[in-house]
Structures are given as C-alpha cells and as structure tokens.
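Consider the two complexes below, in which subunit A is the common component and subunit B and subunit C are the respective partners.
On to the complex of A and B.
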C-alpha cells in the first residue's frame, strides 16, 4: 500500500510537469510541420529579417546589461534594508520607523508595477512621458549624442532604436531586480559584517564579499532580463513602432508578417525567435554549470 | 585596554543596561553566562556591529563608541567562523591587510606567519568549502589576527569542535595569546576552557557583568 502510494505520488508529480512539457513541444512541432526548412532559409536570407535578428540581439543585450546595473544595487538595498533591519535600527524612533517601513513598502510596490501592468499600458505610458517637456528634452539630448557620434539619422528616443531598448529595459529591469533581491536575501550578511570589522568599507564589503557570492543569481537575472527583452512586444509596438530596417525586432517581425497575411513568414520568424532564445539559454546554463563544476565558488 | 562604561543595548524585547567591564592590556578575558544572557550581543556591540543606546566604549584611551567597525581595529571570530565563500584561505587571511593597502610582500609574509602559527599552511590555496569546523575556526582566527587588532573577540570558537580538535585549538589560542601579545575577550560555556585560557573571568547574568578580579 505504502509502495503503491509512493508510485502514485511520483506519477502524479511527474505527470503534471510532463503534460506542460508536451504542450510546449507540441507547439514547436506544429510550427516545424507548418513551415519547411526552405521557408526558414528564405526568411533568414531576407534583409529585413537579418536586420531584426541583429537589432533583437543588440537591443536585448544592451537592455539586459543596463538592467543589471539597476538591479544589482537596487536588489542589494532592498535585501539589506529589510523589515527586520529597519525595526532594529530605528527601534528608538517609532515615527521614523513607521515612515521608513511605509516608504520601503511603497518602493517595493512601485518596482513591481512593470511586472503586473499590461505591456500596452507600459508602451502608452512611455509614449506619453516622452511627449512631456522632460521627455522632449531627453529626446533632444539623445539626438545631440547620436549626432555627435555620427548616427545623425536618429531623431531622438520615440519611434527610434533607443525606444526599443527603453521599452525592453522598463520590463526587464523589474524582473532582474526581483531576482537580485531574492539572491541577496539568501546570502547571509554576516560575512559582510566580518569584512567591516577587518577594515573594509561598505563598498568593499559589497564588491569583494557579497557580490562574488551573488554571481549565480546575477546570471539568472541577466538571462531572465534578456529573455524578457527578446519576447517584449506591446511596449515596442506602441513606443518604438514597427518600421522595417529601423525599429523592427523579431517579435515585431512575427506581428508584421501576420498582419500582412504572411503566416508562413510569421511562423518562420517565430522559429528563429525560439532558436535564438534556446541557444542563449543553453549557452548561459552551460557557462553557469562549468563554473559550478570547477567548484571555485560556493 | 577595553573599558565599557554604563553601556545599554536594546534589541527588541531583550535589553542589557548599565554594563561595566574592564579588561587590562594583553589579558585573556573569559566571558561566561547562561544561554540568552546577551554575551554575543555584547561582543557585537563592542565590535561596532550593534548600536548601543547609552554608555561609552573605550579601547585604550580612545573612545570608540561612535567609531565604525572598520575604525575600531577589533578582530572578531564569530561562533560559526563565517568564511568569505569566494576567497581562497590566503585571500581571506590577507583581506584585512589588503583593504588597508598593505604592500603585497608584507601581506604575504604576515599570512605565512599566521598560517604557520595556526597550522594551516597546507590550506592556503583552498576555498573554504570542504574545510572542517576546526580548520574554519583557525582560518577565521588568522584572518582576525592579521590586522594586529587591539582586541580579539572570540565567540565560542571551540563550541562546535570535537574533543581532539578542541584540545589542539586551545593550544593554538595559548600560542596566539603569547606570541601575538593579543588582548582577548573569549565567550565560552565551558569551565575547563575558561580555566585553561583565562586570566580574567567575567560572568554575564541577568544583565549584570561581574568579574573575579
């Protein structure tokens, strides 16, 4: 009875995962059956698709790198200035403690907004923001910078390549922050305290002691940010538009082809998107695994 | 060497108040007391890792109450040793000197000297993962001693060791005290350990520190 119960338990657990795995594989298989290898080759030879692959890779990488620059410090601050720390540090000042706890709660909530908002709303909000005086000023600054470095055809941010990156960054950074925060929360602050007693500054304790321990979480956050950026569609559509050879990325290529009734082209672009994502995920995981196997860092 | 004047520490519902303690230079102080008496809290406050509500802490003639942990020059070996997982043992030991910009040659000499004193020369190229409890404690001790601290605080350094390792560690601590001429404040529960090592004994109970002096 016990043995059969265990078998039933494992069968049920594995069965749930397998059903989902089958759904994903079936979708991919259906795509492969719908278009042949020739369709994919034709798509890959298309200059528009080549540009959208290039722009997708470049914009996702830039958005992910910038996301990490935001996520690492923000995640660290949120993890180290947790509720317990605020309670302990400000126990003698009840009103200040209440203000600090409320502020922390508010910041936490605001940082999660890009995760819960519908993507189109993010796109519209970005568009409205860049119609404001501050946004127009930002447009002018970006235009000046791009002109100075010889990219004179970029008029600013809106409906230009920077808009693609900003739209991807807005959502990707929120996911990266969440991952880095969890990572730092799982890392004990004790080694940093010991580093302080040894004469380290807070920056040295962070960069030499905490950050190297967070590398695995960092890889996870970067991968997540990159994957989110690659799949981003709504905000790009609204804020950057879908101009061929300009702001077209792989996700918008699928949309453009579909809109034009070119279903084969849309499916081919989808398969290219899936392949790029799978290659990046596999390479990242292999790099992570190699480092783990070397056993240099726990 | 270390003097606590009317120190009060509050942590949630737990409170220590009016703590007075004085430990002469190069003495080996033993701090004993029941579990939950606040020994670790007190030592962490001395190291600057916990805020104090009232009172003053003197290290020699210097009032260090408002000093950051980095400016106190107190070596601290916590109960669980607390390693830096991403650093090799030699990097851990030399860390305090590195952040103080001590020249590489001098740093290496000091690391080798401490490694020999504590019998961890063969561990220098290893990462802390896989070190035994006793080895970790010796590495943590070497790391704290590297900066030649004015005071060395040890929080139950022998607590998790087996009898054999404990005996060996007591010998190492005696050697450290003699050769490094360190002033030590050592938390323990064991009377035997206290008798073998201590020159001054303190008891922390019900928020009051009493001394055998």
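On to the complex of A and C.
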C-alpha cells in the first residue's frame, strides 16, 4: 500500500511537469510543421530580419549588462539590510525601526512594479516621461552625444534605438534585481563580517568575499535579464515604435509580419527568436553548472 | 589577506571597466546599423495594418523618386493608431506621427472634428465580404446563412476596428445584430488578426475586407482564403464599404514634405497600381449611403 502510494505520488508529480513539457514541445512542433526550412532560410536572407537579429543581440546585451550594474549593488543592499538586520540594529529605537522597515518594504515593492505592471503601461509611462522637461532634456543630451560621435541618424531617445534599450532595461533590471537579492540572501554574511574584523573595508569585503560567491547567481540574473529583453514587446511597441530597419527587433518582426498577413513569415521569425533564446539558455546553463554536474550530463 | 583583498577589488574594477567598454562598443554598433533615414524633415507615417503592404512599396518609390524621407513608423488597427496619435498630440511628442493612414473614415471624421488631423484625402475603397479557407465547401452565401448555423465558428472585428464597425453596421441593417453578437466566437482587434485566425483555422468564417483576402493570399505560395460571397443585404451590399484615407496630423512639423507624399499617394499611377494589386478599389467616388455605426 505504502509502495503503491509512493508510486502514485511520483506519477502525479512527474505527470504535471510532463504535461507542461509536452505543451511547450507541441507548440514548437506545430511551428516547425507550419513552416518549412525554406521559409526560415528566406527569413534569414531578408535584410529587415538580419537587421532585427543584430539589433536584438546588441540591445539585449546592453540592457542585460546595465541591468547587472543596477542589480548587483541593489540586490546586495536589499539582502544585507533585510528585516532581521534592521530589527537587530534598531532594537533600541522602535520608532526608527518601524520607519526603516516600512521604507524597505516600500522600496522592495517599487522595484517589483515593472514585473507586475502590464508591459503596455511601462511603454506609455516611458513615453509620457520623455515628454516632460527632464525627458526632453535627456532627448537633447542623447542627440548631442550621438551627433558628437558622428551618429547623426539618432535624434534622441523616443522612437529611436535608445528607446528599445531603455524599454528592455526597465523590465529586465527588475528581474535581475530580484535574482541578485535572492542570491545574496542565500550567502551567509558571516565571512564578510570576519573580513571586516581583519581590517578589510566594506568595498573589499563585498568585492573579495561576497561577489565571488555570487557569480553563479550573477550569471543566472544576466541570463534572465537577457531572455526577458529578447522577448520584450509591449513597451517597445509604444515607446520605440515598429519602424522597419530602425527600431525593429525580433519580437517586432513577428508582430509586423503578423500584421501584414504574413503568418509564415511571423512563424519563421518566431522560430529564429526561439533558437536564439535556446542557444543562450543552454550556454548559460553549461556555464553555471559546476564541474561535477557537467560531468554527469556528459 | 591584504594582498588578495586588493587583487579582488581590482578584479571587480577591471570587470566593471570591461563591461563599460562592451556596452559602449555595442551601443555604437547598434546606433550605426544601416537604418532607414530619419531627420528633422522625416515624414513619419502611422498606417492601418490592412493597407500597410502597398503603402510600404509606395513609400519606397516616393523616397527613391523624390529624394524623400518618409518612413512607416507604426502599423496596427486604425483605432489603436488613432489613440496613439491623440496621446502624442496631448503630450506634445515631437517625434510622433505626421501622416495617418486609416481604414476607418468615421474615426477620421471624429479626429477632424477635434482638429487632430486635417487635409484628409481618400486613397482607395474596400468592401466587406464573407471569407473562408480554400477547400471549405459549406454554402455560406449570406450573413444570415452563417448566423443560422450555430456550429460555425464566426470571427468578426471588434467594435473598435473598422471591419468590426462595418460588420455590425450591416448586421444592424439586416436586423441580425443581436444574433451576430451571440454567435461570434472572436472579436479581433484588427482585420489582419482576424484574417490570420481564419488562415490558422481558429475560426471557420470571418467577415474581412476584400483587399485583406488579396493581401493574405499574396503572402502565401498559393491562395489560402477565398470570398464566399458579398454580404447579402438585399441589394445594398456596399453600404458599409469603407475608404482608406490619408490625413496630416495637426502637430506636423514639416507639412510641405507630408503634403508632397499625400499628393504622390493620391495622384501617381504607381500608388494606384500598388493599391489595386493589393485588392483595393481606386478612382471611385465616396459612397453616399454610408451609415455611421455609432458603436
């Protein structure tokens, strides 16, 4: 009875996962059946799609690196100034402790807004932000900088390539921060405290002790940010537009082909998108696995 | 400890510096990709998705012949684009639309009334038809026949889209609006989304523009959809025929260049040929018996 109960338990657990796995594989199979290799080759030879592939690769990488610049320090601060730390340090000052806890809760919530907001809202908010005096000033600064380095085709941020990157960054950074915070939370702060007692500065304790331990989480955060940027569409549609050979990234190509009645072109572009995403995910998984785990796969 | 700590700290600094260089190089690379021309004088076009295909060819020819700088910035449903234009006018976006090409003349009329667009010119006409996949043998000769068969999966445009309004206008005239609202399985945001639903088999029948059928078939190696029939409304089948219009947006910075483009679209033989090839009707007068659906 006990053995059959265990079997049932494992069958149910594996069955749920398998059903979802089958759904994903069926979708991909349906895509592959709908278009032939010739359609994908035709798409790859298209100048518009070549442009969107290059722009996707560049913009996603920029957005992910900048996300990491934001996520590593922010995630570290959120992890080290957790509820327990605040309560311990401000034990004697209850009023200040309550303010600090509320502030931390508020910051945490605000940082999660890009994750929970509908993507279109982020696009609209960015669009409105860049029409404010500060936004217009930013537009002018970007135009001046790009002109100064000989790139006259970029006239600012809105509806230009920088808008694509900013739209991707806004969402990707939130995911990267969440991952880095979780990573630093799982790393004990004790070795850092020991380093401090041995005379290291806070920066040294962070860079020499905490950061090396967080590298695997860092790679995961980078991958997540990259994958999120690649799939980003709503904010790009509103804030960067869908101009062919200008602000067209792979997700936009799928949309444009669909809008033009070219379902085969849309599916081909989707398959290119899936291939790029899968390659990046596999490479990252291999990088983050330790030697023993990699050996067991091989 | 001190030596290794210093090494660790400098490793982080080196990593940060490398990432900075990578970002800079990639940024320059992305910004220097060969883009379509854009300058202060660029005419930025927002184009209804149902007419985007021929308009892209027309834009290309205009730029070649007139050394112009016209780009299609956005395609989408007429209502969706109108909403974006209103937002741009309200917020004062400088890089917004200059020309709005719409498949919904009532929407354009409303925008004209508020002064959002002006100098509207009619480019072509399109007529709603009942469409089905090639190979479907069902006798869907009229809208009432479709609505009388509850097993048929019918797709229509949403009431925000031009095709959805035209469909409802006709159904209302035939006294079938209530049945249509009950019977429909899909409310598509624009006609191309509806067309794709028909091609993929999500719906059996859809009310599309005649020009949409041509464009969908052009995107496939062989015909995939066909018009089953005009919508039978007792001799007034064209009552909901809609026009494709092009208008100047109020906040237009360079009206002269935009006007030149509008003139090219309305008078050149090339533009006319492209629109006809995409299944539109050109060179006809505005239908008189048009009904404002008022949805």
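In this text, the second predicted complex is superposed on the first by the 289 of 298 C-alpha atoms of A that agree within 3 Å, B and C clash if a C-alpha of one lies under 4 Å from a C-alpha of the other, contacts with A are read in each partner's own complex, and residues count from 1 in each chain.
What we mean here is this: a contact is a pair of C-beta atoms (placed from the backbone, for glycine too) under 8 Å apart; a residue touches a chain by one contact, two chains touch by 3 or more.
Being a predicted model, the structure only gives us computed values, none of them experimental.
Is A:193 touching the first partner subunit B, the second partner subunit C, both, or neither of them?
First partner only.
So, A:117: does it touch subunit B (first), subunit C (second), both, or neither?
In the superposed model, A:117 contacts neither subunit B nor subunit C.
After lining up the shared chain so the two structures overlap, which partner does A:69 touch, if you call subunit B first and subunit C second: first, second, both or neither?
A:69 contacts subunit C only, not subunit B.
Given the touch rule stated above, what does A:204 touch, subunit B (first), subunit C (second), both, or neither?
The answer is both, since A:204 touches subunit B and subunit C.
Given the touch rule stated above, what does A:90 touch, subunit B (first), subunit C (second), both, or neither?
neither
In the overlaid three-chain picture, which partner chain does A:212 touch, first (subunit B) or second (subunit C), both, or neither?
A:212 contacts both subunit B and subunit C.
By the touch definition at the top of the document, which applies to A:81: first (subunit B), second (subunit C), both, or neither?
A:81 contacts neither subunit B nor subunit C.
In the overlay, answer first, second, both or neither for which of subunit B and subunit C A:259 touches.
second
Would you mind checking which one, subunit B or subunit C, touches more residues on subunit A?
C
Which residues form the common part of the subunit A surface touched by subunit B and by subunit C?
On subunit A, the overlap between the subunit B and subunit C contacts is residues 195, 198-200, 204, 208-209, 212.
Considering only the defined contacts, which subunit A positions touch subunit B in the complex?
So the residues of subunit A touching subunit B come out as 87-89, 91-92, 188, 190-191, 193-201, 204, 208-209, 212-213, 295-298.
Spell out the part of subunit A that touches subunit C in their complex, as residue ranges.
These residues of subunit A touch subunit C: 51, 54-55, 58-59, 61-62, 65-66, 68-69, 124, 127-128, 131, 146, 149, 151-156, 158-162, 165, 195, 198-200, 203-204, 207-209, 211-212, 237-238, 241-246, 256, 258-266.
Can you tell me which positions in subunit C touch subunit A when the two form their complex?
Listed in rising order, the residues are 1-2, 4-9, 11-12, 16, 19, 22-23, 26-40, 44, 49, 52-53, 56, 71-76, 84, 87, 91-96, 190, 192-193, 195-196, 199-200, 212, 215-216, 218-220.
What residues of subunit B sit close enough to touch subunit A in their complex?
Against subunit A, the touching part of subunit B is residues 10-12, 47-49, 51, 53, 68-70, 72-76, 78, 80, 82-87, 95-96, 99-100, 127-129, 140, 143-144, 146-147.
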